[in-house]
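Two complexes are shown next, each including chain A; its partner changes from chain B in the first to chain C in the second.
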Partner chain A sequence: MLGRLSDVYKHDFIEYAAGYSMLIGAIFLIGYLTYKKKWKWLWKEYITSLDPKKIGMMYLVVAMLSLVKGLVDALMMRAQQVLSVGESHGYLASDHFQQLFTAHGTTMIFFVGMGIIFALMNLIVPLQIGARDVAFPFLNAVSFYLYAVGAGLVVLSLVVGEFSGTGWVCYPPLSGLAYNPGVGVDYWIWSVQIAGIGSLLSGLNFFVTIVKMRCPGMTLMKMPIFIWSVLGTLVLILFAFPILTATIGMLTLDRYLDMHFFTPDFGGNPMMYINLIWAWGHPEVYILVLPAFGVFSEIVAVFSQKRLFGYVSMVWALAAITFLSFIVWLHHFFTMGASANANAFFGIMTMLIAVPTGVKLFNWLFTMHRGRVLFTTPMLWFLGFVFIFVIGGMTGVLMSAAPADYQVHNSLFLIAHFHSTIIGAVVFAFFCGLTYWFPKIFGYKLNERLGRYAFWCWMIGFLLAFMPLYFLGLMGATRRLDHYDATTGWQPLFIVAAAGVILISIGFFFQVLQVIVSYRQRKENLDTTGDPWNGRTLEWSIPSPPPEYNFAVIPHVHDIDAFWSMKHERTKHKPPSEVIWEDILMPKNTPLAALIGGFSFLMGFCLIWHIMWLAGLSLAGVIICMVIRLAEKNTEHLISAKEVQRST
Partner chain B sequence: MTAVHEKHLEETYSKTVFGFWSYLMTDCILFGTLFATYLVLHNNTFGGPNAKELFSMPFALTETLILLTSSFTCTLSKLAAYRGDKNKVIAWFAVTFLLGLAFIAMEFNEFSHLVHEGNSWRRSGFLTAFFTLVATHGLHISTGLLWMIILMIPVCRHGLTPVSLKRLTCLRMFWHFLDIVWIFIFTIVYLMGAL
Partner chain C sequence: MNKKYKIIFSALLILVVSALSFLVLDTNQLEVLNPKGTIALKEYKLILFCTWMMLIVVVPVLIITVVFAWKYRSDNPKSKYKPNDHQNHLGEIIWWGVPFVIIIILGIVTWKGCIELDPFTPLESSKKPLKIQVVALQWKWLFIYPEHEIATINFVQFPEQTPINFEITADAPMNSFWIPQLGGQIYAMPGMVAKLHLIADEEGSYRGSSANLSGKGFSGMKFVAKSSSEADFNAWVENVKQSTPLDYTQVAVPSEYAPAAFYSLPEEGLFNQIVMKYMVP
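Take a look at the complex of A and B:
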């Protein structure tokens, strides 16, 4: 009846601590919401809302909670590596350590990385293209809940059962039934599968939004560069995520129906999994990094108070990266033993990516050149990114030469490389973009001083945490190492790396403090103009925070920097007599998206624990919810022209 | 209906059809992955039977003809929809539904036959890939059948409203897409297997 759940599971101290702290957190949150009588507000304003601005905020919350979890994982791993040398074996059992690095990677890529890019898309894309909504508002909410379900399943694995210990891409045959019969791999499978389907649906939604819903006059070559970067990401999502869905599907069939896709016997082929997962996995890296490039392109122009240098070359560079990212996947496993020619082809393609990326970097620097640069916090994040990303890019090119890669494959050198690119670009871009767009989303600016503290902690912390890893990697330290010999002499470098992670955590603490302090001082930092940074794109032409319908009057655009040219041609405010107000249709709230999320969560959980009857019922629940939604009439409410006019 | 509603309806139609096209392209990549897997694994019979020994060409050809005919009747429903002929739309979809059901029944029959002879997906990498590829297509067809039932209820009740016309367009695109996928399955799995 209860499948594998009826087995008894033992927990060690750390799992108890994690479980209880989550329980206490949940009780505290529920108590607070009840005390403040906020349940109705939460239900009406967020849970049932189909407004992309609200959904974007929910993405932000889940992504930030996941970031905390991923950061704790990292701290625990580094602590183990500092302690576990020679005679001492540290404080973690090796199977627990394996779960930690798997959970860290899975959380950071799927729930932090993907979470923050979808948060930014939801919050910014409709505003920048002059649209009132996304193409499919209901689907958007469903995508969010599927993403949240995935994150929730990973957290649940802390308390009920265990997480996968196979590394974040779950290579077979280790992840096959023969070597991993427990629930850990199944937790990985269903959390990533469900969140992945959410990402795919979200990708479709925003693709249609950008293609179909741009305001009049915004031709493709007049789109803000952030929109171009998002479009590149969306194309990658549409091409790459189906591969992930199919690949995880096959792994699932191997595990649930005794199939032989990736088993070493019965004619299966484990290397095929590795090819397929990286045919998704490499584009995934660019899915994360392209929007980051877009964010930097926006802010470097705004804070240099100058038009972006080389817009057309930026667009072509984005297109080139989008294309090239699909023909480099084999560089993740040069050591597999493909022919020398295959390795050479993928190596050269990998090196080629450095060209368009270099074009972008120079364009940003030329944008700053002779501009009146304002060194605000977003600009600091940008400069930090330039420094770290160049190091990450250089080491990437180094490893794209197959013979060199043989030396550093699976070493800490590789770990340092991809953290340089992902933290340097994606995470820094997110903090940069969040500081920049915060006044637009919430209506008040963030505290600058605390932002600077946070930046410097992150920057120095990053260098401390990852520069030693380059050296450790060259000295032969492999990744996922939970114990090493004292004679290696690695311990001092591991201690420096751990100190770096602590400094990064302090940086994150400053950011939490920054949000709290800024909220308390919001009266002083209110953004009353809607344009606190002297912005260039459409989102700054509307009040902060924007009304539900974003634009009372849909703008007409005839320049790349649409709002900038409006300001300079003084066409921003038409005299009221000339404005034609119109009725606006906006989607009504619905609890069905959250309900689909709830059923999916139950389904995922039941599949993990082999409670098949309940999994079937939950799937039926999902289908029934969709049918109800299809049958619904009047899913929009009308905001009359008079109301719109009154509120502006 | 006011002007704003009409405009909204028009925009939704264009967004939905374009969005559905994009979805079909992602589904195409999903099938592409399964085809690639099949091509990698189709010689890994692990001492078991290969495609030539297992598949019957006349059977697969019958399946193909049934599915192609269903695509044709599906298109006839489109012509009926253009004329606003509700009953014809329902009739042609009923024919399409029955043909689809016949196809699924044949596929089910083939599968159970294979399993009974001890050639299930557990037998070898080749059979694993075969069952997954063909059953994924079959699952899509079954979804299409379920979708037809769900869509025909409001058409019977309220006639050809703009909303149901939009959904019928998507359903037809889905059905034709599955037809094209089947052509590839027929070619790569059955025809090339028989060679």
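Take a look at the complex of A and C:
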């Protein structure tokens, strides 16, 4: 009846503390919402909303909570590595430590990385292409809830059961039944599977949005560069995520029906899994990094007060990266023993990616050339990115030379490399973009001083946390170690790295403080013009925060940097008196998306614990919700032309 | 403090902080950069070559970043301002072209390196190579010397300047076999035999470990690789032959942080049995 729920999972004090502190936090939050009588507001404005701006904000909240969790995981790991030398074995048992780094990787990639790019897409894409909504608003909400369900399952594993301890890509045979019969790997499978399906649906949705819903005049080569970068990402999502779904599907069959796709006996082959997971996994890192490039392209132009250098070059560079990222996956396992020619091919393809990436860097730098550079916080994040990303790129090319990789593969050198690229590009770009678009989304600017403090903490913290790892890797320290000998001489560097993580946490604390302070001083920082930065693209042509329908009148675009040319070449554009107001149809709120999310959560939980009857019922619930939604006729509400005119 | 000093101060702080992490380094412990075998030496040279090639692009990028950011800051009245400049064909040809040429050079070097340093290729030497079979277990390394009829746990010894042919498999989740000072890794996978050809140029004790997560006792999967003189090696073999015979089923029982152990080898073809175990339907 209750499946494996009757199995006993022993927890140590730390796990209990983590679980209970989260429980207390949840109770506190529920109490606060009830006290402030905010439930109705939450239900009406967010939970049932189909407005991509609201969904984007919810992505932001989940992603930031996940970031806190991932940061705490990182702190705990480094603390263990500082303490666990020679005689001492630290304060964590090895299986707990392994759960920590698995949770850290899974959380950071799937729930922070994917969360922040979908947040930015939801918030910015419709505004930049002059659209009132996304192509499929209901699907968009469902995607968000599936993503949130995945994040929720990872958190739940802290309290009920355990998480996977097999590393964030869960290689079999370690993740197979023989070596890991418990619920940990199943938690990983279902949280990633459900969130992954959400990402795939979202990818489809935004792809159609960008291809079909651009405002009149915005041809492909007049799209803002951020939209181009997102389009690249979406193409990658559409091709890569089905691979993930299928691969995890086969792993699920291995574990639930004792099939042998990936076990070494009965004709199965673990090498197949490793190939498949990286055929998704490598495009995945470009899925994260392309929008980051897009953000930097936008802000460099705005804060240099100059047009982006080499737009056409930038587009081709993006296209080249998109294409190449699909034929490099083997570089994640040069050491598996493929033939010399196979290794050489994938190595050289990997190196080739450096060319378009380098071109993008030069174009950004030459955007500053003969510009007027304003050193605002977003610009600081950009400059920090250049330094860190250059180091990450250089070590990346180094590792793509297969024989060199034999010596640093799976060492902390590799860890330092991909953190340089992912933190340097994705995380920095997100903070950069968030500071830049914050006034558009919320209607007031963020506090600059606290933003600068946060930046310097992150920047110096990053160098402290990851530069030592390059050296540790060269000293022979492999990743995922919870213990090492004192004679290795690694301890001082681990201490420096731990100090770096603490500094990064302080940086994040400054950012939380920044949001709170800015909120309290919002009256002084209010953005009344809708264009606080002297922007270049369409989102700055409408009020901040934008109305539900974004554009009262759909704009006509004649140029790259549409809003810039509207401001500077008035002759091409209609004067406001000739504007024709029209009725606008917007989607109605619906609780069905949240319900589908709820049922999916229940289904995931029941599948993990083998409560098959209830899993079946929840699946039926999901299907019934979909049928109800499909049968609904009045899904839109009308905003009359008069109302639109009055509110502008 | 005015703005200019703040920026300079912050930059200096970063430099000092980065320099501090160098201070705690003992360069002798940078194993990858202190190769003791031909393979590791070639891999080290390749790492250096790639780094120098990339610095050709990286150094200008960093200089341009600092110079442009400083020169074109908005409160510098002397700099030119051309808000609509957005093309320079010569420039774009240079920064598509130069990195491309560098990558072509690196690509050729990589291709050659891949063939030369392919772990499956035997090394050329006048000496007869020594065959050592390696089995990754939960969570220890079993070394089998089929020609000498001995076996060891978490300790491997071989004569210097003699090519060693490792044959590597696993009777456990996947591991990666790595002796940084002798040369790069290869995966140890159940049901598969990987080959790795290494050579030690001088006598010494080198650290070896697993580089791929294999479960609970993974951190304890370390071993000592000792290269000694030919005579010492032969004496050692004779000594180990006197040990108790290896009982594989007992050794294969999962254990963590296993100490080094020495056995004589009673049965032939143990390695093949371990590999074939996964091949039966």
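Quick note on the criterion: the second predicted complex is superposed on the first by the 641 of 648 C-alpha atoms of A that agree within 3 Å, B and C clash if a C-alpha of one lies under 4 Å from a C-alpha of the other, contacts with A are read in each partner's own complex, and residues count from 1 in each chain.
Assume contacts are C-beta pairs under 8 Å (C-beta built on N, C-alpha and C of every residue); 3 or more make two chains touch, one makes a residue touch a chain.
Keep in mind it's a predicted model, so treat the numbers as computed, not measured.
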item: Partner touching more residues of chain A, whether chain B or chain C; value: C
item: First, second, both or neither for A:Val300, with chain B first and chain C second; value: neither
item: Which superposed partner A:Phe375 touches (first chain B, second chain C, both, neither); value: second
item: Which of chain B and chain C A:Ala631 touches, first, second, both or neither; value: first
item: Partner chain(s) touched by A:Gly267 [first = chain B, second = chain C, both, neither]; value: both
item: Partner chain in contact with A:Thr247 - chain B first, chain C second, else both or neither; value: first
item: First, second, both or neither for A:Met259, with chain B first and chain C second; value: first
item: First, second, both or neither for A:Ile277, with chain B first and chain C second; value: neither
item: Chain B/chain C common contact set on chain A; value: 265-267
item: Partner chain A, residues of chain C touching it in the complex; value: 10, 13-14, 17-18, 20-21, 24-26, 29-33, 40, 42-44, 46-47, 50-51, 54-55, 57-58, 61-62, 64-65, 68-69, 72-74, 79-88, 91-92, 95-96, 99-100, 103, 106-107, 109-111, 113-121, 173-174, 176, 178, 180, 183-187, 189-192, 194-195, 207, 209-220, 222, 256, 277-278, 280-281
item: List of chain A residues in touch with chain C within their complex; value: 94-95, 98, 165-167, 171, 173-174, 179, 264-267, 270-271, 304-311, 313, 333, 335-337, 339-341, 343-344, 347-348, 351-352, 354-355, 358-359, 361-363, 365-366, 368-375, 383, 386-387, 390, 393-394, 397-398, 400-411, 456, 459-460, 463-464, 467-468, 471, 473-476, 478-485, 488-489, 492-493, 496
item: Contact set on chain A toward chain B in their complex; value: 135-136, 200, 204-205, 207-208, 211-213, 238-239, 241-243, 245-247, 249-250, 253, 257-261, 263, 265-269, 272, 276, 582-585, 627, 630-631, 636, 638
item: Complex contacts: residues of chain B adjacent to chain A; value: 2, 4-5, 8, 11, 14-16, 18-19, 22-23, 25-27, 29-30, 33-34, 36-37, 40-41, 44-46, 121-126, 128-129, 131-132, 150, 154, 167
